[in-house]
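The data blocks that follow each hold one structure.
You will see chain A twice below: alongside chain B first, and alongside chain C after that.
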Partner chain A sequence: MAVKHFEAEVRREPKGAVLDLRGEINGFAQGTLDAAYAEAEKENPGAILLNFEGVDYINSTGIALIVGLLARARATKRDLSAYGLSEHYVEIFNITRLSDFMGVFPDEESALYGTVVK
Partner chain B sequence: MTESIPPKDEKQPRDAAFWAQRVERLEVSDVPDGASNVNVHGRREVGALQGFGQLWQKTYRVRLAGVEVTPGETVRVWKERFPELQPQNSRFYPSMAGVAPGEVLFISATVGGMPVHTGVRVIYADDESFTVMTPEGHPESGWNTFSAHADEDGTTVAQIQSLARANDPIYEIGFRVVGATEQERLWMHVLKSLSANFGVNEPVSLEKTCVDPKVQWSQIRNVWHNAGARSMVYTMMAPLRWRRARSRR
Partner chain C sequence: MSAPTNGFRRTLAELSVPSEPGNERRAMEEVAGTVGGLGLPERTMERLKTAVAEATMNAMEHGNHYRREAPVLIEVTATEAELSVKITDEGTGPAAFDPETPDLEAKLEGAQTPRGWGLFLIKSMVDDMNVTGDERHHTVELILHLDGREEENDGRKAL
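Our next item is the complex of A and B:
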């Protein structure tokens, strides 16, 4: 079986926490993604940004993981946004209608500026 | 809520061919024999965030122990025999193209003795998985992913993972009373049938997590598209349609 590699790191910014995602988001990413999200939530930021600049593969299970994060964010009334998606993945967010509930921004600056910090 | 299309313009990622094209509304030209298009054509797709009820993730698994079958072979058979693996009261009608990105699978089910005509669209399909997404009016709002993978000891595991919520308040009540159990029985049946196809008789496991316990009152108007109610009206009007068709001849 092919190696499914995924990494996620948390950065703290004044307006929220940023999750820098790298690699492939599929079923194998679940543990790493959930742990990183839990880490990002620790200081109770008003907003969490998902940085997809380093992501080069997302399958439908990966999209389901992102939906799970979105559900967690909504349950805690936290803004969850995404940036750095390629045109292809913006389209996938539209197909799956994730973008109905999640801000999708071209870069970190606009994501931070566009995200309301509670 | 999409702010703008990011400027990145690198070559297409390797998952690009596996995803369906976006459509505003489902359009169906060829309806397979026996299927009904009544609650499919013109409907928009709805994901796990658009429905009304509690959001549940349910994962069903069966180990194909004792047989030499790869995840790819398992999913290939699953795609080919998808309609045959369903129980009697839930008929799936794939298009001629079968289980492929963008294709619609029509469903005619019987729930509590009442007919429900609806469908799903394949939004993703690769060699080891495929995912279907529901349209407006379907009992659920969300998607199911059918996949196979090798576990630690190399045994292939077939899996169904649903991430969905009831589409409207009527369905939510139905799911809470009896529908959820019926649905779990359905997917367990599919995995039992699939494993039996390979000569395996292993138990099916189920893990379920309530991802979002809240109902979404903002989605209450989804009831307008309720496929169960519309199918009932459609069935009751059948004699009228038949009489009208005869008078036109």
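Our next item is the complex of A and C:
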């Protein structure tokens, strides 16, 4: 099976930088994800939002990559949030306790202005 | 596909997956296709897929060291009461899982590696897990209890 490509693009919004993620978050995603996060940090935004709407698979290595981003965000006192996760991955963010350390929202609007998903 | 009659274990599939990075997705989709007729709730199916993917990835990485010629073998069987997925690699000794319970706070502080979520995810996604092995193989068996599974849609399974 061909390994699906992973892509990440940075968008600037008034309330922070948005990382639009697409594809599979596994070990192959590390370089692209780290580079995109570094790009998002460049203008020193107060918050970075991870948009998972285009992500259809996250494995345990992908969870580790997200933990790494969260550690970077905390070290620089930046808010890191997530939105657009499927119900299954919201559950995984809950059981790994990622959702205790980062906001998990259903969509971009609520991530910027609204209510956390639990 | 209907659930097997009570008391009899039926083999639903025997699969072989080459040990190549990314093939855990192939394994999980093939297992999902195999059990598609059992009427599992969507949430249970997603949990099973994650457990199969993680166990297969562990088998390919630590058991078979990503040697393509060393396949991961997957046997799916069911009785009326339970679904079993056995995932076997060619490793020796005990199956290699990170024995450390992941602690996110410790990971964020650098006291634990960010990795090490595989076994935790597997255990969280299925009802039971058995690990067996001999001089030539490791087998991880994932078990879902099928009785009363439809009720799970109304609430979270105890973790």
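List of remarks:
Operating definition for what follows: the second predicted complex is superposed on the first by the 111 of 118 C-alpha atoms of A that agree within 3 Å, B and C clash if a C-alpha of one lies under 4 Å from a C-alpha of the other, contacts with A are read in each partner's own complex, and residues count from 1 in each chain.
The criterion applied here is as follows: contacts are C-beta pairs under 8 Å (C-beta built on N, C-alpha and C of every residue); 3 or more make two chains touch, one makes a residue touch a chain.
Here the structure is a predicted model, which means the values were calculated and not measured.
If you put the two complexes together on chain A, you find that chain B and chain C bump into each other.
In the superposition on chain A, A:Gly84 makes contact with chain B only, not with chain C.
In the superposition on chain A, A:Met102 makes contact with chain B only, while chain C stays out of contact range. In the overlay built on the shared chain, the residue A:Asn59 is in contact with chain B and with chain C. Look at A:Phe93: by the touch rule set out above, it reaches chain B but stays clear of chain C. Applying the stated contact rule after C-alpha superposition, one finds that A:Val67 touches each of chain B and chain C.
Contact with chain B, but none with chain C, is seen for A:Ser110 once the two complexes are overlaid on the shared chain. When the shared chain is aligned, no partner comes close enough to touch A:Val18: not chain B, not chain C. By the touch criterion defined above, A:Leu49 reaches neither chain B nor chain C. Of the two partners chain B and chain C, it is B that touches the larger number of chain A residues. One listed stretch of chain C collides with chain B once both complexes sit on chain A; from 4-12, 76-84 or 94-102, that stretch is 94-102.
Across the superposed pair, chain B and chain C both touch chain A at residues 1, 27, 57, 59-61, 64, 67-68, 70-71, 74, 86-88, 91-92, 95-98, 100-101. Only residues 1-3, 24, 26-28, 57, 59-61, 63-65, 67-68, 70-71, 74, 86-88, 91-92, 95-98, 100-101 of chain A touch chain C when the two sit together in their complex.
Chain C contributes residues 21-26, 43, 46-47, 50, 53-54, 57, 102, 104-105, 107-108, 110, 113-118, 120-121, 124, 156, 159 to its touches with chain A in the complex.
Every residue of chain B that touches chain A in the complex is listed here, in rising order: 1-10, 12-16, 18-22, 45-50, 55, 57, 71, 123-124, 126, 129-131, 133, 143, 145, 147, 149-150, 161, 163, 211-212, 214. Interface residues of chain A, counted against chain B in their complex, comprise 1, 27, 53, 56-61, 64, 67-68, 70-72, 74-75, 83-107, 110, 114.
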